[in-house]
Every structure is written in C-alpha cells, then in structure tokens.
Amino acid sequence: MSDFLAQHSLLFSSVVKAAILILMALTALAYLTWFERKVVAHIQSRWGPYRAGPHGLLQPLADGVKFITKEDPMPLGVDKFVFLLAPFLALSLALTALGLIPFGPQTITLFGRATPLGITDLNLGLLFLFALTSLGVYGVALAGWASNSKYPLLGGLRSSAQMVSYELSLTLSIVGVLLMAGSFSLRDIINAQQGWQLHFLPRWNIFAGPLPQLLGFFCYFTSAIAETNRAPFDLAEAEQELVGGFHTEYSSMKFAMFFMAEYGNMITVSCLATILFFGGWLSPFPGMGGWAWTRFIPAVVFLIAGISLIIDGIRYTTIYGRIVLPILGLVLCGVGALVAMPFASSYAQGPFWFLTKVLIFLFIYVWVRGTLPRLRYDQLMGLGWKVLLPVSLANVVLTSLALLVAHR
Amino acid sequence: MFLLEHLWIIPALPLLGAALNGIFLRRQSHAVINTVALGTTALAFASAVELFREFSALATASVPWVKSFFPWIWAGDFRADYALQVDQLTMVMVLVVTGVGFLIHIYSTGYMEHDGGYGRFFCYMNLFMFFMLTLVLAANYVLLFVGWEGVGLCSYLLVGFWFLKKSATDAGNKAFWVNRVGDFGFLLAMFMLFRNFGSLDFTRVLPAAASAPADPAGHFGTFTWIALALMAGACGKSAQIPLYVWLPDAMEGPTPVSALIHAATMVTAGVYVVARSHIIFLHSPIAMAVVGVIGCVTALFAATIALVQTDIKKVLAYSTISQLGYMFLACGAGAFSAGIFHLMTHAFFKALLFLAAGSVIHAMGGEQDMRKMGGLRKKIPWTYWTMLIATLAIAGVPGFSGFFSKDAILSATFLSPYGGKVLWAIGAFTVLLTAFYMFRLIFLTFFGKAEYDEHQVHVHESPKSMLVPLVILAVLSVIGGWQAAPALWGGENHFDHYLAPVFADAASSAEPSTPAMNAHTIEQQLTLVAFILATLGFFIAWWLCIKNPKLRDSLANTFSAPYRLLVGKYYVDQLYAGAIVRPLVWSSNYVLWHAIDEGLIDGTVNGVAHLTSETGGQVRRVESGNTRSYASWIVLGAVVFTSLLLWLAVR
Amino acid sequence: MIVTILFFALALIAISGAVSLILQRHPIHSALSLIVVMVAIAGLYLLLGAQFIAAVQIIVYGGAIMVLFVFVIMLLNAGAEERTNFSRMAAYVGLPLAVVLAAGMAWWASTGSQSLPTLSGEVTQTHALAMMLFQEYAFPFELTSILVLIAILGALTLAKRESGQE
Amino acid sequence: MVPISYFIVLSAVLFGLGVIGFLFRRNIITMFMSIELMLNAVNLAFVAFSRAFSQLQGQIFVFFVIVVAAAEAAVGLAIVILIARNRQTLNVERVNLLKL
C-alpha cells in the first residue's frame, strides 16, 4: 500500500494538497462575505450581520444552507448547456488560479515526497496565472449571453469588453517586476526581494530595486479591481442600471458560485499583489541580530486575538456568545502557543506574513468599495485605455532604463 | 598632298550641294540653286584635277593610295571602314564623272529652265554625283555597294522625275526592280568573297586572289561562281542581256539625266566593277568567256533593235546598250584597259549625242519622233555640227576618239585567247550596224524636207548654257582618243601605259601569243576591215534615207516578219511580263497576301483573341458569388499543390 | 506512460472539439468548441515542452481572440444558422477534396515523419526562446508590432465609417 | 513514449476538419473560426517539428502566427460587423453580390 503511494506520490500529494486547499478556500470565501459585510457596514456606520451567531459569525453558514435548499428555477428559453456551464467555469477557474500560489518558503513531506507549500510551482507560474484569469471572462460573458435576457446580455457585453481592456494594463503593469526578478516563477520573484536596505527597509519591489514599482503597483491594483468586476468598476452588475447584471437570472447555488468565483479572484489578485510587490511571505523585519524577537510576532498576535475574544465572549449578551466565543479564543491561544514552539515557528513565519498581507489587501478592496462611487462606462474605458495603459507602458520603459543604468 | 589626305572632300562637295538644295533652297530662285549646284560640282571637278596632280606626283610604291577615315561596320572578324582608295583606274573614273557631270550640270541649267522642280532636279543630280564618286573611290566592296545602290536610287528618282506621268514612274520602278536582281548577284558575290578571303577590302582581297590558284578551264570553281555573281550585278547595272530591259524605258527621264546617268557614268559602273575585280575574272576562263559572249551578243542584239527605232532617244538608248556590250567584250577579251578607254570615249560622245538630242527635242518643243523632224540642219547649226562629230566618233571614223577605242577592242578580241575570231566577226558586223543606225538618225533628223508644221513648232537654237557643253564635249570627242593612239598610228598608247599598273597581271595573261611585228600587221588589216564596214554602213544609210526613202517601206513590207520583230524589240518585255512579272504578282496577291497574310497570320491573331474571349466567357461562370465555392477552388489548388509536393517527397 | 495517456486524451478532446465546432449550429457553441480545442492544443504544447507558447496560446487565443469572437457574436446577437441553398460546388467538390487533403497529409505525416524522434524528457528553455526572439528576430518582432498597430487602425476605420453613415 | 509524428498526424486531421468547416458553414463567424482552427493546426505542426529537430525557430514562427491571427481577427471581425449591419445577415449565401 505504502509503496504504491510512494510510487505515485506526485499524484497523491497533489490530490491531497488540492483537497486541503479547496476546503480552506471555500471556508475563506464564505467568511470573506461576512468580513466584507461587516466592514462595509461599519464604514456606513451600521452593525452588519449579527443575528446568526455571535457577531453574525454563523451568517455564512446560514447563507450556504439557504443557497443549497433554495429552489433553482431554470428561466424560459435559455441555452441550458451554456447557462449551466458559465458558473462552473467561473468558479473552477478561480480555484485553479489559487493552486498556483506558493504560500511559504519551506517544503513539506507527503508520502515520502518533498512538495512545496502550494499545489504546484511552475517556472512559468505567473504566465499561467494570467492565462487562467484571462479565461475568467468567459464565465461572465457566457452567463450574460445564455440568460436570454437583455440586462444580463448588456452586463455580459460590458464585463467582457472591460476585462479584455484591463487585462492589457494588468499584464503590462507587472512587466517591471518581471524585469527585476528575471523570472516567471513566483518563488523566484519572492526570493529576488530578499534583503534589506538602510538596515530597516526590506527590498520589496514596491519601494526598492533600481526603480520602485509604485507606478506599477498603482496600475496593477486598479486594473485588478476592474478585472475582478469589483466596485468602483462593477458595471457588469450595476444594480441601479441593469438589475443584477450578468447574474440577474441566476439563483441559489449557481449564483453562489459566481459570488465565490468573484471572491476567489479577489484572493488570487491580492496574493499576486503581495507576491509581486510586497515580498510575499517575507517578514517585514530582519530575522537576525536585534530583530530576532520578531519571529514571535505571530504567536503574540494569535494570543492577543484569543484573549480579546475570551474577554469579549464573557461580556457577550447571548448565551451562544458566552459559550462559543471563549472556546474560539482558547483555540486561538492554543494556536498561538503552538506557533511559539521552535519546531513550528519556522513553518509558521511564511504563511503568517503572507496571509496577513493578503488580508490587508482584501480589506483595501472592501474599503475602496465602501468609499468610491461607481464610474460611468465611458469613464471606465477612458481610464483603462488612456491612463493605465500608457502609464504602465511608461513604467516598463522607465524600469528597463533604470535596469540598464544600474547594471552599468 | 592635301586632297590625298582628305579624300572625303571630293564626294562631300556634291553631297553638300544636294543637302543645301534639297533641304534649304527648294523654293529659292534659280540663280541661288545654280550657284550651289554648279559651284559644288565645279569644285568637285577642280579638286579631281588637283587630286590628279597630287596623284601623279605620288611614288609608285604607295599606289594604290588607301585612306581609312572611320570604322564603319565592325561585326566579329568582319570589318568595313569608310575607306577611300585612289589608283589610276579610280583617277580616270573620277575625272570622267566630275568632268562630264559638271558639263551636264551646266547644260541642265538651260534645259530645265522652265521646269517646276528645278531645285529638286539639281538636288538629285548632286546626290547622284556624290554616290557615283563614292562608288568609284570606295576602297572596299561594301562601300562600293553603298555607292552602287545610291546611284540606283538616284536613277530611280530621276527617271521618275516627272512623277505625274504614269509611264515615268513605271519606268522608274522597272529600273529599280531589274537592278534588284543584279544587286542580289552582287550581294552573293560579296558573301562568297568574304567567306573565301575573310575581307572585302580591295587591297586585301585582290592580292589574295592573285596569289590563289586559278580555276582550270571548263571547271566551275570558287572564282567562277564569284565572277559570275559579280557579272550578274554588272549586267543589272550596265543593262546587259538579260537585264537590259530597263534602260530604254529609263528614257522617260529628262534628257540630261539620260546623258549623265544612262550614258556616261552609272551604266558604266558595271564595267568599272568588272575591271576593278579583273583578277577574279582572269582566274576563271569560264567567266571570261561568259563576259565576252554576253557583251558581244548584247552589242549585236541592241544594235539590231536600234535599226528600226523611231524615237530619237530610244535609238541612243539601244546604241548605249550596244556600246556597253563592246566594253564587256573588251573585258571578256582580257583587254580591260581598252574597255575602260572605250568607257571614257563613250562617255564623251554618247553624252554629247544625248545632249544634242536633247537640244533637238528642245528645239522641236518636246517632239521626239524622228519621222516628224527633218531639215533641221540650217535651223540649229551648232547642234547639227556637234552631233555630227559625235556620230563620226561613235561610227569609228579614223581620227575620232571612238575609232581608237573600238579599234583597240576589236583587235584585242581578235588576238585574245578568250575571245576568238567569232566574237571579232560579230563585233565587226555590229560596227556596220552602228554606223547605219547613227547616220540614219542624222539623216532623218537634219536632212530631207521638214516633216513638221512650221506654224505650230518654232524651231530655235538652244541657249548658250546648252551649247557650250556641246562644243566642249565635241572637242573631247575628237581629241579624246589621241593619247591612246596605238603605235602603228605613230602614236604612243599613253592610256594603256597609264593603266598598266592596275592591269599588270591582265596584260601578262592577255598578251597576244603572236610576235609584235606580226600583231601590227594583223591590227592594220583589222582596222581596215572595220573602217570599210563603217563606210558601208554609212552608204546604206545614205541610200535608204536620202537617195530613195521609198525603199525603206518596201523593205519593211517584204521582210515584214523580222521588221515587226525588231520593232517589237524581240518582245522581250512581253516575255518577261508573261514569264516572271505576272506569276510573281499572282502569287504575291493570292498566296502571300490572301493565303498567308490574311489566312494564316491574321487568322492566328484573331483566333487567339477569339479563343481568349471564349475561354473568359466560360471561366466567368466560376464567379458564382458563392464564397464557399471559391473556397472549394482554393481547396482544389491546395490538393493539387500538396499532392505535387508529396509526389516529389516520395519520389 | 502518463505522457501517452495525456497525449491521447488531449488529442481526443481536440478532435471532438473540432468536430463539434463543425457540427454545432449555433456560433456560440462553435466558439466554445474552438476554445476547448485551443486549450487542448495548449496542453499538447506543454507535452512538447513549449511552455511559453502554451501560455501565449491560452492568453492570446483563448483570452483575447476568442473573447473577441464571443463578444461579436453576442453583439450581433447571431442566431442559429439558417438552412439555405446549398453550394453544389462545395458539396461535390469541396468535401471530397478536403477529405483527400486531410487524409493525404495525415498519411504523409505518418509515413514520411517516421524518422522523427519520440518525445523525450528535455524541455525548451523560455530563456533561450527570449534570447532568439529579441536578438535574431528582433526586426520581425518590431514588424509584428507595426502590423498590430495597423490592424487596430483598420478596425477603427471600419467601425468609424459605419458610425459616420448613421 | 509518443512519436512526434503523432502530433503531425493530429495537426493534419485538425487542419482537414478546419477546411471542412470552412466549406460547410454558412455563418461568416463560424467560417472565420474554422480558419482559426486551421491556423492552430499549423501551429501545432510547427511546435512539433521544432521539438523534433530541437530548434526554437518553430516556436518563434508560432509566436508570429499568433500575432498575425490576432490582427486578422481584429480586422476580420470589424468587417463582419460591417457586413452584418449593411446586409442584416451573417449568411454568406446571402452575401453574394459579386457574381455573374
């Protein structure tokens, strides 16, 4: 048995890692909806969800149950095949993209085979990531077309044109980073950002290298928001204009799939931003010398979070809260303690910093949505073609010039 | 040495005159045209004299004097320069051409006084002078051929000078076409010469030919063929049997033209060519025999026709043919110098005869029929006397130029290995005929009672401009032969000695086998016979024309058949028309034009066009407007191409 | 082993996609079939070790060109293909010829290219490809940029003329 | 292992299918897509040969082919839109003004 496993360790390890990743991703997606609703609510000085479970923590669960149990009507005169294909396509592409992301520097051993954190590690990973995102447009477009209804059709048209346009600037904006790293492999790109300058500033692409990629990052993140059809570029599903955009006709699980695909894309894009511009899993502090203590930051954070949760749970109004929250806090404290252990901490560093940065970007996503008004469609296109594209091109030119000068 | 260095000046002068008259001065007054035409011709004559002086001063080593001015045709190893050559033969020809030509120019100013195309006429005349001088001065056969064709062209232009007369243009065409036949022979001769000697320069061909072995008697070798081809050309140009038919018709042209071209210069070009390439002839007994026979037969033949002609110019035309026959007879006998000598004297007296005849015609107001003349002796004495002198000369009366030249020819014929007694006999008989028809002309024209109507025709003597040349030519006709007086007449044959260097090898081969003293006695006897025959001819003419003219008609009636044959000129023209011209026209019309040109060529062209349009009309259906059928065609092409590639790959 | 399985699987996907491209009566379905074919071909590129070309295949063909097709189909709201008069030329000449063409080329490929080696492990380096593209073929590369520019202008002109008429 | 000739055969088959599609579809866009299919088949052959002879020129060529295909798609689709707007149809059987 075991030798069989060892023989096909590549296959089995991939399968196992994929399963784990998908579980984590789905959970994360579910709670990302909760996170977004909470943040937007507080931005708009509301409470947000708080009925289902303490602080509405069970809201995603309730939503899931609702989606699954809801009736699933098939509108009249739709192209059934495409109508069903669209959401699957969207979600599967989003999840596949996640599979290309490396979460940590170390390799773990499965079935006697050392495999990286993350499903695969292609040396053209970035390229394939963009290949997948470029396919992502079909989900929206086909959904809009298959619904055999005018609002979805318009939404599909808008989103397809928008995504194709913004893909250009999205791709061009990271060329600077590629020039600096000299590789398409995400791992290489991260490793190329190791080191320090001025003894405290990590050499991340965003503010280091021959030319700090501030322009690149600006273009990248803007294009990314547009690429994921998020506000303020969510004209594909602009409620005020086209009822629900491309998913007007969808309901229940298929609708949920679109949502999960959207959040999955958000996560992918945030991961990319982290990797390309913010040093991926690299800690913002030098690990050695006077900075050695920083390796305990994860543990400390978990402990603080756990303790605050326990306190909050004790003071909570409902009985569930008083029971659930302290347990959750205790779990967090335990995790913190575990992370503090020497054998675990080295494994914990990379993923911790990585996820932290990703979380920050997700918060920015939500923050932007809650803050900025939606653009008009012509403004959207104008921004894409007349501002972002030239700027990212200029960024490419400047970066290459800077590299030339630096390598003299 | 100036002219020897710049030989080109001599032909260039008439050319200049022709250009000026032809291009700029067509509409100018007669005075201007005269100045240009006569000036250039006179200058040409003067320069010819100067050339003679310089040439005589030249060392014998540098004769012939060849001067090449610029390369003309270079093709592979063929090379023909524009090169001019001077030797004794050329000298004689140049002097004759320029001198006689100048005189005839002077005459023409009077004769053409009232003609519309005055400038055109002199343009043509000068052009003819240019070509004739090119012909005689040429240093190679190619340049000679240029002159040859050029004089043919001028002859055509001048014969057809009055181009409103159909007969004139027809005569011009006839002259041109008949000459073409001869020119073909000339071309063949040139080709063979180049093939055998690798060059066409006289100075290279003739010595090579001289050194080459001669064809044995009765054997058709290279030299025979070349000589015969040359002879064909000469026959065409010099109006010998069988190509003589154009010359009588050429009398349609103005009389000065007849005098200059068809008596003095052009028609003698054939003789000149034969004399120039005499070595080639000498190397081929057959060719010599042929030349002799042709000359002799032509002389007799033309003379017989001349007996009964009534048109004064026609008589002179046939007499010219007959005299040319004499020249060829001399050449055939190997006495080339004698031939050239007769050429010169004939140029004098025959030109004189024509000019005098022109004067008569002028006096008669354009009448040419002798039967409508008569008794003009008192009215136009100058013309009468000059013409009488010319007649005595041509009849061979002792002391006159014709006597010496004809005498030399006959004796040479008698003594020559090629000729023989038969030819001599015929030639001698021709002397009788010559005397007869010439005196017949004189008697009919100047004696007897006037056959014309005094009230219509006001006979008047010609102007000075016409008489002066007559007188000069008369003088020349008398004294022209003296410098060639044979030894037995107490003279010294300067002319023969002068031409000796040219015909050196001819002399050696044509030297009479009999010893000199013996030859002298034979010569005296021959001369005596010839003189007796001439006087006999004179008396017959006197008898038939003055004593009792009735006898003429009775004779004509008794011998009606031969008489009509002679009047009909042996019907040679009709023969040619039936045998050659009509079939040629028929085949050109039906075979070449209708069958080949219209049927074959046009048919092919139109057929191709028709085929194309038809194919287009069919292929047009492919344009179905259906994209997918177009695509099918593309696929078809792809399949064909791919299968071809696969086949190549597999093979 | 696994490479063989992958090859045949991808080949099957590609061929079936192509067939459905031909047979589907609705342009959208044809477009989707074509996308499938392209993805399969990208996978074949990966088998052949041409990773860069595979990625470009998906990005450009799948992500741009086919999106354009789908976009146009949606824009024109093209319905299912109607049955109209049939091109005899295409039917009786084109089809056999096309079959002959395919069969002939396939036959030639199977016989004539036996000498070709089998797929072995080594992988083309994207780096070498980039070097060749930007050093040897720099000029053609720039020309392609000009070509694309001209294509953009052409598309704009066509569209603009239309809007100008209305 | 897989002989590279298999790839060539596959590309030939795909090409033929493209030709057939081009011949038998009436919809301009579908014909267009058949052309794209042919291009892809050719590209596959290119890459296969470049692998067989281990020379990268084949891939370079494929790169250029893709660029050309992109340009062609842009212009071609613009033309298709024009046709559709002018003739109110995408059926080539109805776009047959150029005929006898």
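For the reader, a short list of remarks on this structure follows.
The chains carry the letters A, B, C and D, assigned in the order they are written, with residues numbered from 1 in each.
Note that in this section a residue touches a chain if its C-beta (ideal position, glycine included) is under 8 Å from a C-beta of that chain, and two chains touch if they have at least 3 such contacts.
This one's a predicted model, so the numbers in the text were calculated from it and none came from an experiment.
Comparing each chain's Cα centroid with the centroid of every protein Cα atom identifies chain D as the most central. With centres defined as mean CA coordinates, chain C is found 90 Å away from chain B.
One finds 32 Å separating the Cα centroids of chain A and chain C.
Averaging Cα coordinates per chain places chain A and chain B 117 Å apart.
The distance from the centre of chain B to the centre of chain D, each centre being the mean of the chain's C-alpha atoms, comes to 86 Å.
Counting partner chains per residue, chain C shows two or more touched chains at residues 52, 64, 68, 73, 75, 87, 90, 94, 98, 101, 105, 108. Multi-chain contact residues of chain B, defined as those touching 2 or more other chains: 624, 626, 628, 631-632, 635, 638. Under the contact rule stated at the top, the pairs of chains that touch are A-C, B-C, B-D, C-D.
The part of chain B that touches chain D in the complex is made up of residues 620-621, 623-628, 631-632, 635, 638. Of all residues in chain B, those touching chain C in their complex are 624, 626, 628-629, 631-633, 635-636, 638-639, 642-643, 646, 649-650. Of all the residues in chain D, the ones that touch chain C in their complex are 1-21, 23-27, 29-30, 32-34, 36-37, 40, 43-44, 47-48, 50-52, 54, 56-57, 59-60, 62-64, 66-75, 77-82, 84-85, 90-91, 93-94.
Contacts from chain C toward chain D in the complex involve residues 3-4, 7, 11, 14-15, 18-19, 21-22, 27, 30-31, 34, 37-38, 41, 44-45, 47-50, 52-53, 56-57, 60-61, 64-65, 68-69, 72-73, 75-76, 78, 81-82, 84-85, 87, 90, 94-95, 98-99, 101-103, 105-106, 108-110, 113-114, 116-120, 122, 124, 128-129, 132-133, 137, 140, 144, 147-148, 150-152, 154-155, 158-159, 161-162. Those residues of chain D lying in contact with chain B across their complex are 19, 22-24, 26, 31, 92-93, 95-100.
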